[in-house]
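Chain naming follows the written order as A, B, C, D, E and F, and within any one chain the residues start at number 1.
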């Protein structure tokens, strides 16, 4: 039995609130149960220096956690003078996932930066971030279309993410903190709406995992992501 | 006429939501109109090294802004590797203000850190932060009393803050961004519930200001802060 | 009775030595009693990147203390890899004060940087810095006029600063370290030669201060600054 | 046809040279074709502060590249003042992989740090690093056993890694730089000698990948790692 | 002919002012012509962590330049976030030179830190720093003797320094900036009062130098340092 | 008797392996006995910003040590966030030495960066680095000639380096770690093939050294460097 009493294949209640803050071209509050992340997409008519003149755009992401998003307070990264390895790893993952959703050539020499800031953490902050960032990205693209910064949409496909893992010997979907901190294996999966994979990152925290366990986790991930993409699409329809 | 059509002595609608996030001992969302700040108070049974063995506690604060809390995106301080001068200045001001509310000896060798993170900025983020942080601090103290970490409350008095300024030649209270960016003078005032001053920081952005203008601004600040302290107290009663 | 046996409204002996070092366009040693600060103004035919092409100049300031300017040695900021919050706060205050003295449009696309380095500290280093920096700034402007870098002076007014406070229950002017470390309230005031205010920054170190105390301090500040501006003007006449 | 003319399931010639440098308790040069990494394991009778008194040891890893290990020179991370995101990501992966090989309780309060420094890069530096680091780790454990720092071996199992990917539409094993820079998908797999998984990290560089492609890559990885573990074991027998 | 019209073996007028600032245990203004350095020695009843319990003391040094000590303004090292290579090199040289003057065992577990801050630079700042720092060090030792922190003096010998070089094909002593920036070779020599060498650091700026040129420079250095040590001793007698 | 049983004037076996790694325009493994350094020279059609438009090129150098090149592990400089003073001092020495070998005007607006990375340290890493870097530099220049980046060679002369010192009261050449850590005096000498001096850096670690001791050390250095330059030339002939 999972601590949350969910079925093994059941994701937490997922809520996506658009236009959560006022200034960003896309601004989303995404909630996976008690995990809450603010995702804002910022548009710039500019690209990083190393891309100038190459006729393509760029999508990037940054990730942070408020110091007390977690059970005990973490040191503020701005105060300690650098982003930790975990932060770097996560923001690189978010950015790669979002770039898979966009045709960078069609974006032209423009850049979209998505900031994912966790205000409350209960496991799965990186998969919630990708899921919410995707919606903020769509809103930013719609802003660009509405304001003449783009003639046609560079959006290729929707992308979403979920974590799966082996908890108490069984494959489960969308782990919360209670499960995550006790899981033998933890895997993050990013998929397209067509069910193809963008990223998988699986780690044996305790015991190594077998091929069969991997397959069970992937099956859960596929269904979970399909559910999550429905939530994204409903949110975008409103 | 003020851009917001408020009377000169009128503060914006102020909302204080307690228990805004789950983990912190005190967690508040404070809104001064469109300025929104999450204030969390974290308790530690410990003091900074330089205070060890001195028989007193410590209250400190840190301040940050989400990169897209503002009209255009600011570089993330964690990524640039340091907190800017403005951030440092503000978090020192918040910390001094909160320490004026607490008897540090009565706190014992324990520490409360209040994090103020601006999720949406529309002027007055530092005065909103102080105001919200005060409520989070009270909640943290109540947590300590309830959990036997304190026998008696070290709280001396409520503290709140407001900005005042000279806008279009007239003294106005609680400037929003439209006023703040055009004001000739901008002053932040921190006061106790008894109407005494903890901090005043006034800056002539354009023309130097006269003694009379200072007096007009102080009068507005006093009334505004009295209003704000009522809001704090109502929030704490719920 | 004050530790220095000065009357409550009496500033310390103030000395301003121009051309204190050889290379800077303006170079001043300012002494407020035992507080000694070297202020050098450096001229550059250039502005920061964010000002380029805007048809105006810039005045900025940096502040530092020699590690053993104080009673016990402070860690060298260059060695610790960053400027502390107090340093940042002070140099921002100095810079804003100096900009109030200059018409930045009339300066053209040129920049003046004033460095204030405390070689001996005995309270009031920031107000001594502003006072000395003002004189170094005038010398730099005169250098620019003499060398054809300016056709007309962009100087709008003289600016000077003094600290006031509540010590032993009484308002006093120009606190030395013995008073400063024991004062209930400490306030820095920056004024123009016309007696108008540029900056006031008051902090209750112990007890909150009343409106009446504020008025007493302001009255002392006004007279003190008038005295200090006379010293500046005499120094510039030599 | 692969640029190297290897069969799709063929790893590059792999060489492991032990005792490559003189001072470290384990020191290995690992070569996967033209990718060359020095892996040294350093033993310390000590654990990080957060582990003190918990009755267990620690295994960690750091990764670096000589500035000209690559086609064009990269900026030296020591000179730029921080490790980049890619470096952080890789050294975290190596460390987790090595910890899966060791019973940390059986290690006692002792620490082994493995440094992986790439002297020549031709694709697959992270998988070569894990493979070589594993052998250096065994040598360090043997040193500890021989010197009475350990009574029994804490080694649980051998661990090795390989990269697989989709190149020209086909799954291939152990990509070199020519393939890596053109691959549609790149996946790093870390496995135990029993064929169970420690880590999988797959990224769609271009097109998203299907479930079938994932299965093909995993099959290649399993066989490749079995080959590599044979090389490790032969090296350790000498 | 030298730009300063000095004879080749003639040092600049050298002035050593003791008790230059109020707080340090030793405080010296040293002037070699127009090069002016404040040297303060700070005493601590403590040693760096790596020396604790080893029954010996430590002497160290730090070096800095005010941003406008030079012809054009240099960026403040505290603001740029690190000490440059030149600064590091110089402060290590000063520290090694001073340690040669002191019996560290006889100092006991106490530390003396000498800060050398250049307020005006005209060539030879490192040799002026060593020369002035030596006098500040003696004053600090005398303070420790007078205050019971030492029973017997740990001073072994006086140490001083001078620069020599090849300018216009001739060996010259104590180069000022005009010579230094045009010299073919520049050498810094640190010697004891007995005429033995502590440090020599010679650099061919343009042409390589011959053995004969080295001998000529060393002869000048020996005489120059003897003169300088007389100045140190006279200063200490006052 | 020296620990290595070498004669006082005998350098260690010196080996220079060219084309040690694949990508750099010059790549050398230099071995002075057990001291091993990888030196790579990288060519860039570009100069640092401060040299642009001045019609000359630049040669620079960076130095590092693998963390476990030494007896006990040193903290990785990239991880600690800065290069230490010793590293800075050494890389500046290497760079100045190499610039003495090249006519920078003849190089045109192009830059050569030589990286010296110590993989195993046994004393004399800086002199081995200079010696190996010189050969890598020649290979890089030959690459530029062969590829039309240079019409004529800007090479002025060969440069090499050796350490000498006073060990057990006698002058010895090319100290290994056993000698270096016990030597009274340690001196690094850089010379041209014509026997003239580029750099001498001598430090009394224990006792100050006499003029006679200096002369003995210089005589050994001259002969040692002549031997080393022969090794360089033989290596370049192959």
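Basically, a contact is a pair of C-beta atoms (placed from the backbone, for glycine too) under 8 Å apart; a residue touches a chain by one contact, two chains touch by 3 or more.
In UniProt terms the chains read A, B, C, D, E, F = Ribonuclease PH.
What you see is a predicted model, and the numbers here were worked out from it, not measured in a lab.
The chains touching subunit B as well as subunit D are A. Path length between subunit C and subunit E in the chain contact graph, taken as the least number of steps between touching chains: 1. Rotation angle relating subunit D to subunit F: 180°, from a CA superposition, given to the nearest 5.
For the pair subunit D and subunit E, the distance between mean C-alpha positions equals 50 Å.
Mean C-alpha position of subunit C lies 58 Å from that of subunit D. The geometric centre of subunit E is 28 Å away from that of subunit F, both derived from CA atoms. Counting partner chains per residue, subunit E has residues 81-82 touching two or more of them. The ring sequence of chains is given as B, C, E, F, D, A, with subunit B as the starting point and subunit C next.
Subunit E makes touch with subunit F in their complex at residues 82, 84-86, 88-89, 91-92, 96, 100, 187, 191-192, 194, 196-204, 207-211, 214, 218, 222. Listing the residues of subunit A that touch subunit B in their complex gives 21-24, 27, 34, 36, 38, 40, 42, 44, 62, 64, 66-73, 76-79, 81-83, 87, 113, 115, 117, 119-122.
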